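Below: one structure, written as structure tokens.
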Amino acid sequence: MTLTEHPVRGPVGSRRPRGAPRRGGGVPIALLLPALLGLAFLTLPLIGLLARTPWSTLPQRLAEPGVLAALRLSLLTATLATLLCLLLGVPLAWLLARVEFPGRRLVRALVTVPLVLPPVVGGVALLLVFGRRGLIGGWLDQTFGITLPFTTTGVVFAEAFVAMPFLVIAVEGALRGADRRYEEAAATLGAGRWTTFTHVTVPLVGPGLAAGAVLCWARALGEFGATITFAGNYPGRTQTMPLAVYLALETDVEAAIVLSLILLVVSVVILAGLRDRWISTP
Amino acid sequence: MRPRTAVLAGAVALVLAGCGTPGGEAADGDVTGTVTVFAAASLTATFDRIGRDFEAAHPGSTVVFNFAGSSALATQITAGAPADVFASAAPQHLEAVTTADGTPAVFVRNQLVIAVAAGNPEGVRSLNDLARPGLKVALCAEQVPCGAAARGALDAAGVALTPVTLEADVRGALAKVRLGEVDAALVYRTDTRAATPDVAAVEFPESAQAINDYPIAVLADAPNPTAAHAFVAHVRSTQSRAVLTEAGFQAP
Amino acid sequence: MTGCLLDARLAVERGDFRLDVPLRVAAGEVVALLGPNGAGKTTALRALAGLQPLTAGHLTVAGSDLDRPDRRTFVPAEHRSVGVVFQDYLLFPHLNVLDNVAFGPRRHGANRRTARRSAGDWLARVGMVAHARRRPGQLSGGQAQRVALARALAVRPAVLLLDEPLAALDARTRLDTRAELHRHLAAHSGATVLVTHDPLDALVLADRLVIVEEGRVVQEGDAATVTARPRTDYVAQLVGLNLHRGRAENNHIRVADGLLLTVPERLDGDAFVAFRPSAVALHDGQPAGSPPNTWPATVAGVQRHGDNLRVQLDGPVQVAADVPPATAATLRLIPGQRVWAAVEVTETHAYPAG
């Protein structure tokens, strides 16, 4: 009798060479059909935009100074908002994932409030806190002469408010999924909690962190309601692309389509670029 | 909710009976069914009441409203939304859709005022005052009717001012006055009327240069044209005019 | 006791589980905590590392208290002079081999260059310098184990802790790695505590064995003592002996109703008697002349054991017997078969249980 080193399981007839492709049609139709429908549902509006794009006048429209200003402002504020969210949201996610404290469930629910709150209401709420007569804004104004509404900083605040839950939820999930024993290993090597956090925990949850940051950035880029309510609309200062699109819709649908298209192309290019970078690192 | 509406409708009917036959729309028997009215957001409060009056005068009819920005409504109608009547806050939006009976009729006009916080703490008296340094002013963006009107008034007065924000609609501008984020905003008189007592209105002569006409029309594809015509007639009746004037609108 | 680098009574109470293990380890000594799964070995190790606070007892290393619940003293893991090799090594996946090993020295204040140089030295010692730029995911089990050892030693710990250091390796790698690990442990000047459930690891790597069962120490001593005189079924099984407890009177021990074993030693009171499975002979009938130490038994099971067959016997006592395959064939050893078992007096070994 010979003993095989790797016992073969199952009937002999079902053996196939390792690495050989499975037989075709492995995806069940019950999954494939809704998947394709879902894809169509998500991409058809995009096709609708493309179909209505006034290609002949596109160059002139792109060259309009207001367009570039709004695009630059959008990219700048969405990026700053994402940085702000990382600065505050990652520690918050860590707290929610790693520290037992009374009322943690409540805090977790509160974090998601901006997700369910209509953004316009969020903007009003921000005004009530950071506005000229607001709880904190009044003090800021009188003490330091700092006002947030109608400023670019205000745009960043509004965007961060609505986008932060995406980051916190993604990072908290990643932290819960991460193997905590690596942190213990770091501790036995002499790393304190902060060093462990920065040198071990954060790199370990890197993919989740990146996904959260991307979601956060994308949400900030498309933000409209809270921004126009809290920061108003002024070209070059607080008029981001979504605001420009909304106003263009009032008079010139084609202009609105062009603006939407620019926002779309730029964000897709940036996200695809970043994604390639992340995937290439093991 | 339902019983209360019925009682209210009954009361209105009684009042109507006391006044005699309302003008313009004689009791034509076949006004029944649903009338779908797309109306500018600034007409919300007045049209709600006018709609109830209409239903009381025409038992068996129901008025359904869709209130939104005039341009959004025009886009919806062009895209095939089943509307009978379109009441717009500016003529150009009605021009964008196909109407049934030729020229739409202007049924009210709205005039700009300076909205300030109650008691007018900054002492704003004229358009010139808005250019005062340190004074925060909200205007509507020029793409929307109130913004175009404001631009016209400021140009007429020769006033150059830098607002802190160009709001996407009149409610946004008014909300910022209410919350104290700006000291003044150029909005419609009807809006300040609705926001009393938080907001006070300061009238200014140049507003005559920037008056907004509100046209109304039956749409070409109206599913219920008879009722639609009856509704337009009702809006233009003396009874409805009183409702509109009370809200701050002016007769055309 | 003086001369002990590590002096502890590791007491942890957690729900139903209670651990209470006294432990003393001298500098240069390697002690193995040996026990079945769930005995509390890993909890003891975590308590030593500072990853699990004691609920009672004490832990002193080189004269300073690291954990003393009664004095509210607790030194967290990062401030203890310990190095840990974890069961599945836990090399940081985002750092290459060199930076994994340099991680400890960096945290202990070395600058990047010094830390890397020191890491390189340790990698050279474990023969991994050629793999310094690799990521942990690209290493084999044996290589990862060596890197983990280098990483633990690179902080020059007073106490080196190893949790099942060879459990994750396949049988072949294990053999090589065990010998190599022995070399490194012998070279370590501090105290070494090794947790394992594999007696071979313990016997090869450790100077002294501490057997833990259900949170308590059941036996302690050097390899020779423990293998010769097991005191629990678990230890007897580990070292491959039949072990029975009974009342001794002169050179007789009553281990069960109706079974009196004769032993070479003269003893009184509670005693253990141990004998090898290969010392048990099987017969199809009662041996002629009724020699001592024979009893009727039933075959409960038969397994291959090296070149022989191991026969599990039921009867007055449960006993394992190793017989050559030829005997098994003659006796038709199938479960349920009735046989007679016999053990020579000189093959037994008795010692007090007290």
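Some points to look at:
Each chain carries a letter (A, B and C) given by its place in the written order, and its residues are counted from 1.
FYI, a contact is a pair of C-beta atoms (placed from the backbone, for glycine too) under 8 Å apart; a residue touches a chain by one contact, two chains touch by 3 or more.
If you're wondering where the values come from, they're calculated on a predicted model, not measured in any experiment.
Relative to the C-alpha centre of chain C, the farthest chain centre belongs to B. Nearest to the global CA centroid, when each chain is reduced to the mean of its CA atoms, is chain A.
Look at where the CA atoms of chain A average out and do the same for chain C: the two points lie 52 Å apart. Chain B and chain C have Cα centroids separated by 88 Å. Put simply, the C-alpha centre of chain A and that of chain B have 39 angstrom between them.
Touching of two or more other chains is recorded for no residue of chain C. Residues of chain C touching chain A in their complex: 49-51, 76-80, 82-84, 86, 90, 92-95, 103-104, 107-108, 135, 137, 151-152, 155. Within the complex formed with chain C, the residues of chain A that make contact are 179, 181-182, 184-192, 195, 199-200, 203-204, 206, 282. Per the touch definition, chain A reaches chain B in the complex via residues 124, 127-128, 131-133, 149-150, 228-229, 231-235, 238-239, 243, 246-251, 253.
Within the complex, the chain B residues that touch chain A are 69, 71-72, 75, 136, 138, 141, 143-144, 163-168, 172, 175-176, 179-181.
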